[in-house]
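Step one of this worksheet: look at the structure below.
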């Protein structure tokens, strides 16, 4: 198990988001940075790179959005819910794009199969945060 | 002048966003990564660091969101407008938070004055993109 | 357990570095990005922020170097050993700086205690890679 | 002209590196993040993507190392010369790899021609820093 929840609990702030949910989302985002970065690199080395262009492009976008999301979620003190809301929305969307394209290649490429699963876990973790009470006030802005 | 527009024009894709506007936004985001990173570092070294906590925290968030935004905007091929829309919204918001807090310290700290201006230029460049025709289809989702 | 080793093994390349060691280093780097980012944020929110300036500054540097290191290690195909060697050296050094400063505050601040441990684990994982046979050819350049 | 030097000069620290040289290196690194990110994306959209695999892979590594280098150079307060030395060395090497491969495609692809030039400017800016008096003490460790 990671230390993410434990260090979040050590930050002196009145968290509006539940640290357990935030920790799960951070860890899911960081896993996604890893697998998407490797999947895009693996795509470049495949014989059928021609078929994997979209996959590589989407995985790179997903890695960068997940990276920023993990970083902002890792800063509970002086955080801003609206920034995080928009970033989580961008993150879910980027992960959906990546998962969808990886799914098309999952039977032929093991890296795509793994990456799809990790992206789906990230979607779930971010969606859980977005559906939490903390974002209720923005319900009409989503 | 930067090469940003020129290299964007060299990408083989049917850009839905005008490359001149995208180039302006990318360059504004990268400038913001720079000044926000330095402003947060400068805050830590000030005698009144106590007063600059919020400034440092907001600048760090701003730098990370601007970094991801610059990266996604730099990938016109196989891009996804909805991901970019949410990211631009996150970026504008993060820049507003940073600009607002820097403004409070601008008279006492030169780094805050510079950072405020750069954040405001970034808000303007991102808002111009968001207001462009390319995002018209999402008008009701904003 | 993470999927890191499994996805690395799925990349079509003659890895010169053992994927098990690389996976350990990647995961350690990503953990370090997380804890260092949160530790710097937590520092800003402490009453004795005045004492924690150096800690925040060093943790921010450590997070950025670990991020880049995790990304490059996640791209085994078409990788360059000398770039990775220098990056691993930068990473070990940045983690040492961060661990050393966190250690000074570990008794008073739980986030520093956690961060110190995670930095030390990262040093160990990167040092193990640096000491591996793969980097033997650069022995005289270190 | 960018604000980089001006904001660096506003940081309360005894800079061991000349801010003019640091500012030049930061701006060169950020330009390199931009062009390398776009070049890798453009590679994926070319008919001869098969020939451009190495170019895309190297450009992605270059972008990430340049990003981290720009960030650490942007933090003059509480900085550590040895970390920066190793990072600059990694940066020069990553830029060389990228420039060399882009050069092979520069006649056929405008994005590679631009990217090569920007990488070479970054090599020059980082090498100038490495050759400066500030790193003299490490002369025997290079």
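Should a chain be cited, it is by its letter among A, B, C and D, assigned in written order, with residues numbered from 1 in that chain.
In this section, contacts are C-beta pairs under 8 Å (C-beta built on N, C-alpha and C of every residue); 3 or more make two chains touch, one makes a residue touch a chain.
These numbers come from a predicted model, not from an experiment.
Student: Could you let me know which interface, B-D or A-B, is made of more C-beta pairs in contact?
Tutor: Comparing A-B with B-D, the pair joined by more C-beta contacts is B-D.
Student: From the mean C-alpha coordinate of chain B to that of chain D, what's the distance rounded to whole Å?
Tutor: Whole-Å distance between the two chain centres: 21.
Student: Hey, how far is the Cα centre of chain A from the one of chain D, in Å?
Tutor: Each chain reduced to its C-alpha mean, chain A and chain D end up 28 Å apart.
Student: Identify all positions of chain B at which a residue touches two or more other chains, and write them in rising order.
Tutor: 41, 44-45, 53, 57, 60, 67, 71, 75, 77-78
Student: Connecting every touching chain pair, does the picture come out as line, ring, star, complete or other?
Tutor: complete
Student: Can you tell me which positions in chain C touch chain A when the two form their complex?
Tutor: Residues of chain C touching chain A: 2-4, 6-8, 10-13, 26-27, 30-31, 33-35, 37-39, 41-42, 44-46, 63, 67, 70-71, 74-78, 109-111, 114-115, 117-118.
Student: Would you tell me which residues of chain C are touching chain D in their complex?
Tutor: Chain C reaches chain D through residues 53-54, 57-58, 60-61, 64-65, 67-68, 71-72, 75, 77-80, 82-83, 86-87, 89-90, 93-94, 97.
Student: Chain A touches which residues of chain D in the complex?
Tutor: Listed in rising order, the residues of chain D that touch chain A are 40-41, 44-45, 49-50, 53, 56-57, 60.
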